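Look for chain A in each of the two complexes below; its partner is chain B in the first and chain C in the second.
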Partner chain A sequence: MADVIEAGAARDSAPPPSGPTSRRRATQRGNRATPYLFLAPYLVLFGVFGLAPILFGVWISLHQWDLQLPNRPFIGFDNYQDLFSSDSAIYGDWWSSVRATGIFTLFSVPLLVVIPLGLALLLNRSFPGRTFFRAAFFAPYVLGVAVIGLLWRFLLDANLGLVNLLLGAVGLPSDTPWVTDVPWAWVSLVGVTVWWTCGFNAVIYLAGLQDIPPELYEAAKVDGAGGWDRFRHVTIPGLRPVVLFVLTTTILASANVFGQALLITQGAPGEQTRTVVWRIVDEGLRDYDAGRAAAMSVFFALMLAVVSVVNFRLFRYRED
Partner chain B sequence: MSKLRPVARYAALILITLIFVTPLVWMLLTSVKTYDVAQQDPPSWLPNPFSTYGYDQILNNTANPVLRWFLNSMLAATLHTLLVLVTASMAAYALARMRFRGRGLLFALIVGTLFLPPTSLIIPNFIIAERINWIDTLTVVVVPGAASAFGVFFLRQFFLSIPAELEEAAVLDGANQWQIFRQVLLPLSKPALATLAVLSFLTNWNDFLWPVYVLFSPERLTLPAGLGLLQGAYVTDYPVIMAGAMLASVPVLILFVFAQRHVIQGVSRSGLKG
Partner chain C sequence: MIQNEMSRRRLLGLGVGLGTAASLTLAGCGGGSSSPDKAGSAGNGGKDYTGPKVDLKLWNGFTGGDGDIFKALVQQFNSEHQNIAVSVVTYEWADYYSKLPGAVSSGNGPDIAVMHMDQLATFAARGTISELDDVAKNLELNEGDFAPTVWKGGLYNEKRFGIPLDMHPLGFYYNKAVMQKAGLDPNKPPATKDEYTAALTELKKSGVQGFWVSPFQFTGGMTFYSLLHQWGGKLFDDEVAKATFNSDPAVEACTWLVDLIKQGHSPANVGQDADYLAFKSGKNAFNWNGIWQINDLKKSPNVQWGVAPLPQIGSQPAAWANSHNFTIVKQRSANENKVSGAKVFINWLSQHSLDWAKGGQVPARKAVRDSAEFKALTEVNALAPELEYAAFPPAVPGLGEVVLTFYNAFNEAALNKKSPKQALDDGVAKANKQLEDNRKKYGN
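Take a look at the complex of A and B:
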């Protein structure tokens, strides 16, 4: 995403030849207050529901903030300490949810980075029916998590589900407990998520593939590079910013997994598939301990920020 | 790259399409089965006899007013989309076309929130919504999510790609900024506005986590939030549950069919090229 932003910034500072004059003229007309008037409606929304919650969240996390009690004493970093001390009441549940989210992310991200690339390569060339296939792959993504959750809960039902029926029809075991036991619950959650979202990533890869200049492939061909060599030396380097984008957004999305676990495995077996986001909203909005939930949120956001920074570093490093 | 022959390519594509589409077809078929046919082991593919039982149940049920949820969702998603379009386009215009103090910082702040996991704001946003008495209202599913950093970023990038010369004629005619924005820039931006409209509608229509926690009264729920109740009420009565899922899917699938090209191009461009 940083590349995107930089591209935007670069375009800003280097407008087309006639740009500077017309831009200067554009700023001179109208009132000094005009830009702020245009921004005002958005800034009210953004201030109240975008910026304020960030600061407010940190503030809440430093308090013992029970939603049902009027007194919210300041307690410093106690809520954070509770996340790390094994004798606190929430320690076990919290780290179990971190583990659940970790497992899900670890398995879903590589699949969601690699499989969509394969789909995009299949669709990259122009051929009859391409639009149809592209739409078919993308279609599940337009459905909400509530729909795909209910649908797959049904499909994965051990007795009535289509999945076990089809497996039985080809002579495989037809009694797999897809939603009630591990590791099957993980296979289900990851599999459904890949099915649901991989069309989205494939579309982004497709756009990236179309931006690679065809001359590079021609030149590689002239140099005698085979299909695999061209893939390794032209496609992959050409896609690097796209892969970084897909990787970063997919990690963010996977780490936020909630609806699938709530609706498909319902946390089973035990609490093993209860994820971080689920734990945060339960802690805050069901058990009313907003302080702890806010501390969990801040910690969670920081963890993801670190992951994103590491991502960018790794990709930058390899570019040199 | 790979030298897949056409036959192999089509075979692969058709197989993959089956994987993507079969679950959706199963949802449709189950929604028009009778309870008994849906319970058969082994299950039957065809809804024989064809039945409107699932739809009858959800549409005539007073405990779970599904039709009401549908209308709530429709109203919320429409208002949300309008709010995003108006606020984001105005802000994006200022950020793309005007010079003013704080512009760089403001844009950086807006883009910075794109990196933040949205769920990390849910607790403070809940408390803010509670303080202004928005919990369990339509407003709470329309407004907070409309602070769309993505919308501003996306439209700003699009506006930057429109040559400023096109506005010059309007200036010579004595148009003010608002007239230029309304009569020159917005008409030129229809594809981008349409893309953002579809994406905003999809996001709001499908939102699950927020409505589940901020709406309580059965008659105020949105469809995704209500589907959970439906599942609780009908447990394994799959024709009913799948009929509910169909009701939540059909509007966005129709929207997708009509706007397919725009949505897909919008998605790919928004991320990478602006």
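Take a look at the complex of A and C:
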């Protein structure tokens, strides 16, 4: 077990200085600007397109900011306060969108972490047609959200869709409101998203699996470990950094769900499947209240940051 | 704290109205004129333009079949006017309205913008578009040249901001083949409540759910919008201070529509566009849909269809409608030549709106509607009578989101999540908060 962690750690850190490398380093020690020059293009891009917009967004969130109204007065934390004050016009919509995003994330993340792992384990074995299956599972991911959204909206239509038709053909209920009623709408949104994106996570797992030294499996086998033991004691520890990566990116991606809901359920019933990002877009680009939209974004980003930190902490704790 | 915030915002709201006026003055002063709103009064109001050559950018959202017809019209205009060159940029309407404010404030906006009537007040209040009273005056356009509903819709605070191009109402589409199969006369679509329910009953006997009630804005929400007005209700009170779409007539209209689902004339849980797809494939007989579907149906030779004004289910005729209007966008630095060129274009296109009607819209100009050429456009012409009683939303800024609340309330009723009364009551409570917010923001 300790070996595995060391192997993982070694991959992450820089290669140990060998002879030629250290010599080169010595000759250039005098020029301190060099690393910064190499970093400069990235730093400029990051500054202009990353850092500046974030700071500007925080600044906007403290104002009543409308692109066209001439006055953009500073109002302190009023925009944030509106999110928590039950008599503001946006309070209900905002928390219903937080709830919608929460439900989606809660159900999609476990599936998107576990199913691709199983898929990757299967696809990592050697069997005829392996490349074909790898491609097949990854294929939906290359489609845009507009394509999968429209496609599934028609497939899942309660009265005209293929899904209910097929269910009816095998004697199951054929009038399930897949896109217009909860909980079915959640089943549809989560199901479609898993189908759409699980190939991506599977590819990441697959890369991780191929990084686990085969000697470890052989050693485990020699020690008499069965399939399950090898999975528990070799595969899982070997994949830990990969799982952390997949978990974190999947939570963030799920929390950003927007296109699927917009196209498949259109928020129905009522506004129950209207998600946070959708709400932010509406607030900023439909109602032109950039201040409120920015406040929502900042608050939402903080929520996600907390989740990610907790996530990392949990994993680090286990490593210790 | 809340109290404080309120008063500060109210103050702001008041300031906005004055501030907008002030900033217009500033913008207008760029050219050194003392006119309070120079951008609006440039040129001779669109009669002609003799200045140096100008390039004009025009934005619109005509992404369907109407887009090609529009571009052809612009080309014709360009070839007839040596000193005005109009270039057309087309976005999806939803993108269009979200892009426009940013583009305008960064100085990259268009010179001319096509806008829905229900957006005019918002953009006028925000100082995005110019007054066009002089265009109307110089071209001697008045209410008599248009349908009064359409003409008045271009006004905000008694001033004209849009020159109406067309109007697009909801129409009543009927599938002749399905009607015939059920023993109904395919050339006599039902026009009253009794005829309508009788027809639905006949259809049901032949195993057809005749009229699919969509829970979404397109088209169930617009259907309910029409019915609410047929029952004599209104979305808002006269001052647009309070939402009134939970009034008794509104609840009755909503109940009538939702009951069609309970009585089996419509399936439950109709998805977006499913009502129209079912209509085209002969699974239902009646569809209340926008005039824009005429062009789509014409492309489907297998469907035997007809279109008529909406049946009168309530106590008076009424139909949801909207209208495309031309507007002139305010620029950071006003250019008189561009503004007068833009007015010439708007006037020219308004006079050529017969060609536009071929794109599937009812022309706003009465003279064009009365012409024999327009009457030859049978299907579009069939919906022209609706112009007299078309129900447009009132000209109040920021109403877009409030109307969406109305549509969402209907969505909950049609999906049987709430009773019509409950859904509309909840919607009104939310809409009133939004109206309150808008008053603070726009100060009216």
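As a working rule, the second predicted complex is superposed on the first by the 271 of 320 C-alpha atoms of A that agree within 3 Å, B and C clash if a C-alpha of one lies under 4 Å from a C-alpha of the other, contacts with A are read in each partner's own complex, and residues count from 1 in each chain.
Here is the rule we go by: a contact is a pair of C-beta atoms (placed from the backbone, for glycine too) under 8 Å apart; a residue touches a chain by one contact, two chains touch by 3 or more.
What you are looking at is a predicted structure, and each value in this text was computed from that prediction instead of being measured.
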Looking at A:314 after the superposition, I want to know if it touches chain B, chain C, both of them or none. Which is it: first, second, both, neither?
neither
Applying the touch criterion given at the start, work out whether A:92 contacts chain B, chain C, both or neither, answering first, second, both or neither.
second
Which holds for A:160: it touches chain B only (first), chain C only (second), both, or neither?
both
Using the superposition on chain A described above, determine whether A:285 touches chain B (first), chain C (second), both, or neither.
both
Per-residue contact with chain A, leading partner among chain C and chain B:
B
Name the contact category of A:236: first (chain B only), second (chain C only), both, or neither.
neither
Between chain B (first) and chain C (second), which does A:67 come into contact with in this model arrangement: first, second, both, or neither?
both
With both complexes overlaid on chain A, does A:305 touch chain B (first), chain C (second), both or neither?
first
One more residue to check, A:114. First (chain B), second (chain C), both or neither?
neither
Once the structures are superposed on A, label A:139 by its partner contacts, choosing first (chain B), second (chain C), both or neither.
first
Just to be sure I follow: which residues of chain A are touched by chain B in one complex and then by chain C in the other one?
67, 153, 157, 159-160, 285
Would you mind writing out the residues of chain A in touch with chain B in their complex?
1, 4-5, 7-8, 11-12, 15-16, 18-19, 22-23, 25-27, 29-30, 32, 34-36, 38-39, 41-43, 45-46, 48-54, 56-57, 60, 67, 119, 121-124, 127, 129, 131, 133-140, 142-147, 150-155, 157, 159-160, 162, 165, 168, 195, 199-200, 203-204, 206-208, 211, 227, 230-231, 235, 241-242, 245, 249, 252, 255-256, 258-259, 263, 277, 280-281, 284-285, 290, 293-294, 297-298, 300-301, 304-305, 308
For chain C, which residues count as touching chain A in their complex?
1-2, 5, 8-9, 12, 15-16, 19-20, 22-23, 97-98, 101-102, 104-105, 126-128, 212, 215-216, 267-272, 274, 277-278, 283, 398, 400-401, 408-409, 411-412, 415, 417, 430, 433-434, 436-437, 441
Residues of chain B defined as touching chain A within the complex
1-4, 6, 9-10, 12-13, 16-17, 19-24, 26-27, 30, 38-39, 41-43, 83, 86-88, 90-91, 93-95, 97-100, 103, 106, 109-111, 113-128, 130, 143-147, 149, 152-153, 156-157, 160, 163-165, 167-168, 171, 176-177, 181, 202, 205-209, 213, 223-225, 227-228, 231, 236, 238, 241-242, 244-245, 248-249, 252-253, 255-257, 260-261, 263-264, 267-269, 271-274
Which residues of chain A touch chain C in the complex?
64, 66-71, 73, 75, 78, 81, 85, 87-89, 92, 153, 156-161, 175, 177, 179-181, 266-271, 282, 285-289
